[in-house]
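These are the structures, in structure tokens.
Both complexes below contain subunit A, partnered by subunit B and then by subunit C.
And now, the complex of A and B:
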């Protein structure tokens, strides 16, 4: 099959059986890859009552149709499972080189189930696929282990690892690769750890078959020459995503002190300029990318060892730097290293520590809970000690190992009001109180709160930050177009920042595969995935869907105290009105349940049958569902 | 004319490897490239492009004279090569590569395609006199 490695691996970790089958052409065409594969496989295979950390959950490693191709930039690999943070569909991706290497070894998709009898790692060297013992590696930090395995296996292996956090089941554990790229979200590292899988090592030397290679590469070659001089190229190459720290502060959406504030008065001490001036070692790119947004850095703090890490990127600076109120970029970079090596998502990890810092500020946890330590804003020693408590689940660390929602449910005392999360996953690094579409995006997102599925800060600005009018259809459009890149398994930044169009990506797919595919067809796949994930979530957690689309009280009721967004807040009435609008535009009923009409229109009528049996199928919409769901606001959005 | 390597500018994107195999073998397979990016991580945290400097030692050592000086490049002629491996061994900077599916060593022929895709100045074309 042109455009694909050709083989799917099925691995039962309990029995150590490894099965190879040709990648299913129908699965490939109807679900396109990565996020799409994950959605379909989880829906079809995972029992609805399966424990996310148990043997029946699947742990999926997957590429998409563009992975390893010459299209900009097919660097991504996806991981999928039922999330221990949200108890729903999880897909989390990362760049680097692992995805392309899998394709060059001939594999599109690896589906694992069961639990290994002993700590193991998956070894793939072209046609050789083995589960190997990882007893010597168990307990090692993610970054330390990658260095060790490169020495043990060879520099030309691409390696993904988990750290102690993943071994210990902390629900925001990540998977790390290439000394600083992470599949960070949804707790995919915790599920990998629950399978007793410490690492994945891959070497591939085969060719990726292409239908019309000359057209495929000519298209990319033209894009490459065109984008070299794009005005966004230079700042992205110099600062990467850290460029946006000042931008967010000026717009009053930079999470500060656990979202108590949205403007960090010392932001210039932790922005991209400081990062490059004080810490930069080298610029680092994912496979096939000429924008090199990765910043490899060294943190230097008197009294601590120097650390090397990739980043911090914008999200880490926001949720570790801003939300924990650091005022020194070296401290943010050092914290980045700590979380990377211990194997925690810097987004949810940073947010969870910030949430704990607010609990400490309010006297809800005290030094007695913290082994005699404090947990002060902006204190790197306190941060380091507390992260260790979480990773090893010591004392109150065991509570915060559940993330902000899980911890708030145990702590009580109204803490849930300032847990900035949706469905159990923490917000990305943008406050929402002046950005209602972003709040709607987080709270309706199928994997829990994450900007990657819909980022609307510029949409809110264009449509007016004080209004909710017209926001819902744009959120829906973004929830289809942005995750499409996770389905193709390529980086979305060339679209968002360099004006490479989605149509050009589809043209590239046509040359690669020989399919007569269109962008409309791809968008339908993306909507199909969104609806299947919604049905799956309701089937696992009960209905109606609306009761899960809940915003934290802070973002509904608590006006921003100061800064550019002073006094702003979304308000409950506005939020509920946006939800009504959102459901109507999706073809769901007022309870947030998908209707049979929309599910059948998307070719997943079986999900309607299942929801109907459970009593959670949406009521038919008088006058029918909208023919087109979602509305494009402008040609691009980040 | 030669390719100048500025390793501190290399970001490890491997577009050079990609284009090398697309151009020479009409295949997507960076492992067949005549250039390789060597990462040095976690410390010192830099990438090193490893590429032929056209010194000609391989041509002198080749027992069947399959490597010819053409313009400023020593070009390996696949139809004359016996794949004995002597050139690979002889290369003083280890930049003649091999791949199990290719019946000859992989040698840079100075096509310059890698310099066209490099966006950071890590690989640039300079004249010999520069």
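And now, the complex of A and C:
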């Protein structure tokens, strides 16, 4: 099959059986890859009552149709499972080189089930696929282990690892690769750890068959020529995402002190300019990328060893730097290293520590709970000690190992009000109280709160931050176009930043695969995935769907105390009105349940049958469902 | 005074380039700040993350000089 490695691996970790099958052409065409593959496989295979950390959950490593191709930038690899944080579909991706390496070894998809009898790692060297013992590696930090395995196996192996956090089942554990690229969200590292899988090592030396290689390359060459002189390329190359801090502050959406505030008065001490001036060692790029937005840095703190890490990027600066109230970029970079090496998502990890800091501020946890330590805003020693407590699940660290929602449910005392999460996954680095579309995006997101599926801060600015009018259809459009890149397994930045159009990506797919495919068809796949994930979530968690689209009380009721967004808050009435609008525009009923009409229109009528059996199929919509669900932002006339 | 503003992405639509596909020639009076120039062009300053001129970050209080080429960096999120 042109455009694909050709082989799917099925591995039962309990029995150590490894099965090779040709990658299913129908699966490839209907679901495109990565996020799409994950959605379909989880829906079809995982029992609805399966424990996310148990043997029946699947752990999926997957590429997409563009992985390893010339199309900019097919660097991504996806991981999927039922999330221990949300109890729903999880897909999380990362750049680097692992995805292309897998394809060059001939594999599109690896589906694992069961639990290994002993700590193991998956070894792939072209046609050799083995589960090997990882006893010597168990307990090692993610970054340390990658270095060690490169020494043991060879520099040309691409390695993905988990740290102690994943081994110990912390629900926001990540998977690390290339010394700082992470599949961070949804707790995919915890599920990998639950399978007793410490690492994946891949070397591939084959080629990817292409339908029309010359046209595929020529298109990429045109894009290369065009984008290397694009005006926005140089700033990206110099600062990466970290330049965003000042803007976010001035717009009143920078999370500060666990989202109590949205303006960090010392932001200039932790922004991108400071990072480049104080910490930059070198730029870093993923496979096939000429943007090199990654920043490899050194953190220097008196009394602590120097650390080297990739980042911090914007999200880490926001959720570790801002939300924990650090005032020194070296401290943020050091915290970045700690979380990376221990194997925690810096976003949920930073948010969980910030949440604990607010609990400490309010006296809900005390020094007695913290082994005699404090947990003060902006204190790197307190941060380091507490992260260790979580990673080893010592004392109250065991409670916070469940993330902010899980911890709030144990702590009580109204703490759930300031746990900034949706469906059990922590918000990305944007406060939503002056950004209603972003709040809607977080709370309806199929993997829990995450900006990558729909980022609407500038949409809110364009349409007006004090209104909810017209926001829902744009959120839906973004929830289809942005995750489409996770399905293709391709970086979004060349689209969002450098004017490479989605149509050009599809053209690239056509040359690669020989498929007669259009952007409309791809968008339909993306909508299919969104709806299947919704049905799956309702089936697993017992609908109706609206019950799960819940915003934290802080973001509904608590006006921002000061800064550029002083006094702003979305309000419950506005939020509920946005949900009504959102469901109507999706072709779902007022309870947030997908209707048969929309599911059948997307070719997943079987999900309607399943929802109907459970009593959670959406009521038919009078007048029928919208023909087109979602609408691209139309900027106001100037 | 003449300056040149450049950008891509959504900002390019707002900027209405007239020199090449990314660049617009702008004539201003006096030495206004970038914020004031954006206002004159009807571009919400919230859509500009920062400006970039001579290889350096410039904030919106930057006052361009005659002939300056200033890149407007739109905020984007999530690769």
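Please note the rule applied: the second predicted complex is superposed on the first by the 633 of 638 C-alpha atoms of A that agree within 3 Å, B and C clash if a C-alpha of one lies under 4 Å from a C-alpha of the other, contacts with A are read in each partner's own complex, and residues count from 1 in each chain.
Quick note on the criterion: contacts are C-beta pairs under 8 Å (C-beta built on N, C-alpha and C of every residue); 3 or more make two chains touch, one makes a residue touch a chain.
These figures come from a predicted structure and were not determined experimentally.
The superposition on subunit A brings subunit B alongside subunit C with room for both. Once the two complexes are laid over each other on the shared chain, residue contacts for A:273 go to subunit C alone; subunit B is not touched.
Look at A:462: by the touch rule set out above, it reaches subunit C but stays clear of subunit B. Looking at the shared chain after the overlay, A:616 reaches neither subunit B nor subunit C.
Of the two partner chains, subunit B is the only one that A:143 touches; subunit C does not reach it. Contact with subunit B, but none with subunit C, is seen for A:70 once the two complexes are overlaid on the shared chain. In the superposition on chain A, contact is made by A:288 with subunit B only, not with subunit C. Once the two complexes are overlaid on the shared chain, A:492 sits against subunit C while remaining clear of subunit B.
Distance between subunit B and subunit C in the overlay is 14 Å (nearest C-alpha pair, rounded to whole angstrom).
Here subunit B touches subunit A in the complex through residues 8-9, 11-15, 18-19, 21-22, 25-32, 38-39, 41-47, 99-101, 116-120, going by the rule given at the top.
For subunit C in complex with subunit A, the residues that touch the partner chain are 6-10, 12-14, 22-23, 42-44, 46-50, 52, 55, 57, 59, 71, 73-79. Those residues of subunit A that touch subunit B in the shared complex are 68-70, 97, 100, 104, 143, 147, 155, 179, 204-208, 210, 213-214, 217, 221, 224, 228, 233, 237, 281-292, 294, 296, 298, 308. Looking at the complex, you find that subunit A touches subunit C at residues 95, 230-232, 234-235, 238-239, 241, 243-244, 246-248, 251, 272-273, 293, 314, 451-452, 455, 457-458, 461-462, 482, 491-493, 496-499, 635, 638.
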